[in-house]
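What follows is a set of structures for review.
In what follows, subunit A forms one complex with subunit B and a second complex with subunit C.
Our next item is the complex of A and B:
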């Protein structure tokens, strides 16, 4: 449905002014001794009424035009290829070190800077992907809600190589990243992308709740594990006791595998490996996704000016064609009882 | 009398001239291009204090119910984002402990309004990573961050340092005052209110009592008046023998302290009176950034045209008609 609205709607209170031409004419007034002396003339009447209508149009059109009428913007839903991607970024302090576990120097790149660069390319490579960004360290932080505004998502990703915080509390981060998907659109391809350089123990009390959430939302889960050289891999079994505390990465991986949702872990030990993993994710997430397109509002004041222009043209033409019987009388060439020119008659 | 002389006479009619003028002006609205000009936008880093004292409910909402400082500050920021001219950009950071945490780099306020508004709305005290609230350290680092981003700064806080500052005062600002412009916004009422307390699951369990918080900072050297305190002993009780008392468990906006900080950093202080009022305060304090804009000339032409037409029709009514109508040739 088309919805029309005005920017300065209070100006529409001036609209009664458009009735002024019904009471007053723009034509010259001429005194005649007896209006009844002239016969009724259909053409004169028609011209008189059309001049009133023209005056109405000229004033009304301008008032409407000045009030700034527009047709409201619409949101149209279409279908494209893409996915809802909830990005969960580790902002703990160790992300600011290089893949070799050092402070970055010279040409070296920190893990955060590498993931910032590559994720920024990932966001916006396909027009209809939607992204949400969540950061976590000690507490989860909602950075940007699910949106298709890729500029905003890139602004959020631009912030991930700033100095990080203290700890890696992955459980609460996961819960918030899952909540970013929202309730609607169950048949949309959903992906949860975790970017972290470490793992932490997930409290067994929270595990149940997380499992339930994963089962409900069923996102494709990707873990981009930015492994520091020399630190244990996801698949490494610790030499001693195999507990979550001793090998959190391995046990987080086991937890993800046990969720029953499609899951892939990418272990990246350098920027190229990260780029490779992101390329793979991009290829895997190809499903139809409904996206909304915002149709901008349209200015309608041009039409109102047009109407006013038509009215004014008629008024000006009426003024140009005006005759003056009083003039003729004075010159004594015309008898006063002669019918006045049509335009001035009704105006009198 | 022929038609030509009649038209010539009509052309001299004042009311015809007015109508023709209006016609020309309305016709002009179809060809006039908008006038290009520059407007003043802002680029600003908004830093929001999310420490415990920001949970104090000392603002009144629209329905008269108490609203927390954080919620009011969020509403004020959302109001600010909505009021900024298109092309302005806003970055958001959270403050707790002693540093700001940047959530995102500057985002344009019109095209990306939805995510920006959503992100401000989602700010929660539960995002805090530590409980301390070292305002001056956080402010100085926020100034640095704004300088790094090349933006102005809006720092919203209630000014309550936790733990309290030592008697020697807080850290000194070592940047250049006034290099970064912007606002320190003091949130909170002037009277003392209790601070809500939450358990480790984030549920509210009452208020802080006098014994729950540090009332006096006893790190560093004792204050000058320590010798006059009861039970003072230079070695065993340099701060006096009795426990510190105070009102640190209650909170109000620490305006004098925030004004001092504003003076030290060259920022402007403004009190947050409610969910509106930030746009004006920021416009006065911020660096104007030229943005391309345009001025639509059509309302000007249309307005004059309307006045001319109304003059034509109203003249007979107002009696000024003599001039138009009764003019003899």
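Our next item is the complex of A and C:
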């Protein structure tokens, strides 16, 4: 609920002054011997009451404005459609290459730039999604914690095509990305989106901890594999020894599959494929999500000043529309003195 | 003290013949030995041998003796009953109380000049003892009337004292000037008039053009009732002004209807006091 309070609340004790227009009027008083002489008139009565209301508004508005009203800042929890998405972005050096495995030149787009562009659209598309962005290379970097400030998230995503660092350390990145989900609300749909162009071996000692973490949080896991042309696919069995060291992608895929959480891998070999994959993710993650909205403290005195301005303008208009019977009388007298010699001449 | 500029007298003529024995300026009901010739009566009706009309006596084939009768001139008391309710404080084109004071002063001077007594009675909710001057023929009463009226405060919002004043005006019929703005209920007007019906009643309506033709065509006016009936905003426009003036005219005609039923039509005192206009009105009605 909206809570309003005032800076100098003691000034509100002056509010009874707003009833002053009931007793005193700003208009010039025309004293008449009997008020019943003036015919009753609906329009006049309406104007009379609106002038009173204007006086009430003017004084009351000024008192309220001087007391400095404001709406207290608060946190509101609402429910919308969306998901908590933790984005884990690979920042290894190979992300700066094109899908063809070269340094980008001319109109070509690096993998990082393409994913940046598409992810940026993904972030803005639904109002109540919450995002966290984590980058990883050798060490994981927390870029933006879980937030619904899409501006910040877009800024974070805009930064992922900065020249990357060398290695790919998936395990620690995953751990940090998972830690972004926090503990609240079990019924929220959660998604972990991994954007990478390669994989690395996950240390078996860490694997256990990761499994436990996945089992607790149960995110939907999406792996957007930006595959460089010619490099092995996720499903390709290596011709030689089938060890994690020889085919890290395949083994990471296997590890994800073994987690028991919903998992999909998208293998994208170009910008369009990435767009397809993101579109699919967007369609899949449609669940109600409670989200909080921060409302800052807001100064309301300008509204109060505005109201009193309306009242004051009405009063000024009333004042300007005022009839001055004495002026008319004086003018009438002047006319009479002008006319008189003429009539006397006629009489003569 | 400034010398007041000479003002023409108000000439008035009582209705009918005035009873009474005090010699004065008006035609008396009683016939006496002095004055203008009135008629001839048989000697036995008025055995006054000094006024035997020889010519008429000789002319009579039945040999009756006739005596001339002459109309006696009698004086009459002139009273001014002044409404002192708060609405008389109104000051538009002219100050209402100043007008009233000028009228009463002039009446007092005119009455005393021809030997009539003048009395003043102010009324609000009751008869105001501070504005009460018993009828007197002394010439100084005019100044006294003016000073009493100038010092009179009009504060009360009713004029019920008029009926009490009527009860106080006992004795022979008098000329009574009933001076008010007649902003009373119709019933109160009729009551007052009927209780004063014995007298030769001259209603004087103190009006003001500012309340009628002087109203503005356009604009906002906040009316403040002098009798404390509240305030009201009125948005003047030609149609409302017409309605207002029509209402005032209707009120004036109602008053005229009531007044003529009990005596003379009302005299409208507005803007400027003109003794000749009063005289014309009094002689015409």
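Here, the second predicted complex is superposed on the first by the 226 of 348 C-alpha atoms of A that agree within 3 Å, B and C clash if a C-alpha of one lies under 4 Å from a C-alpha of the other, contacts with A are read in each partner's own complex, and residues count from 1 in each chain.
Heads up, the rule we're going with is that a contact is a pair of C-beta atoms (placed from the backbone, for glycine too) under 8 Å apart; a residue touches a chain by one contact, two chains touch by 3 or more.
Because the structure is a prediction, the values reported are computed rather than measured.
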item: Contacts of A:137 with subunit B and subunit C, given as first, second, both or neither; value: first
item: First (subunit B), second (subunit C), both or neither touched by A:89; value: neither
item: Partner chain in contact with A:38 - subunit B first, subunit C second, else both or neither; value: second
item: Contacts of A:315 with subunit B and subunit C, given as first, second, both or neither; value: first
item: Touched partner set for A:323, first subunit B, second subunit C, both or neither; value: both
item: Contacts of A:47 with subunit B and subunit C, given as first, second, both or neither; value: second
item: Contacts of A:28 with subunit B and subunit C, given as first, second, both or neither; value: both
item: Which superposed partner A:281 touches (first subunit B, second subunit C, both, neither); value: neither
item: Most subunit A residues touched (candidates subunit B, subunit C); value: B
item: Touching partner for A:194 - first (subunit B), second (subunit C), both, neither; value: neither
item: Where subunit A meets both subunit C and subunit B, residue numbers; value: 25, 28-29, 321-324, 328
item: Subunit B-touching residues of subunit A, taken from the complex the two chains share; value: 17, 20-21, 23-26, 28-29, 55, 58-59, 62-63, 65-66, 68, 91, 133, 135, 137-145, 147, 149, 151-153, 155-156, 158-159, 162-163, 165-167, 301-302, 305-306, 308-309, 312-313, 315-316, 319-324, 327-328, 331, 333
item: Residues of subunit A touching subunit C in the complex; value: 25, 27-39, 41, 43-45, 47-48, 51, 318, 321-325, 328-329, 332
item: Sites on subunit C touched by subunit A in the complex; value: 87-93, 96, 181, 183, 210-211, 214-216, 218-227, 229-236, 240, 243-244, 247-248, 251
item: Footprint of subunit A on subunit B - complex, ascending; value: 1, 6-7, 9-11, 13, 15-16, 19-20, 22-23, 26-27, 29-30, 91, 94, 99, 101-108, 111-112, 114-116, 118-119, 122-124, 126-130, 298-299, 302-303, 305-306, 309-310, 312-314, 316-317, 325, 329
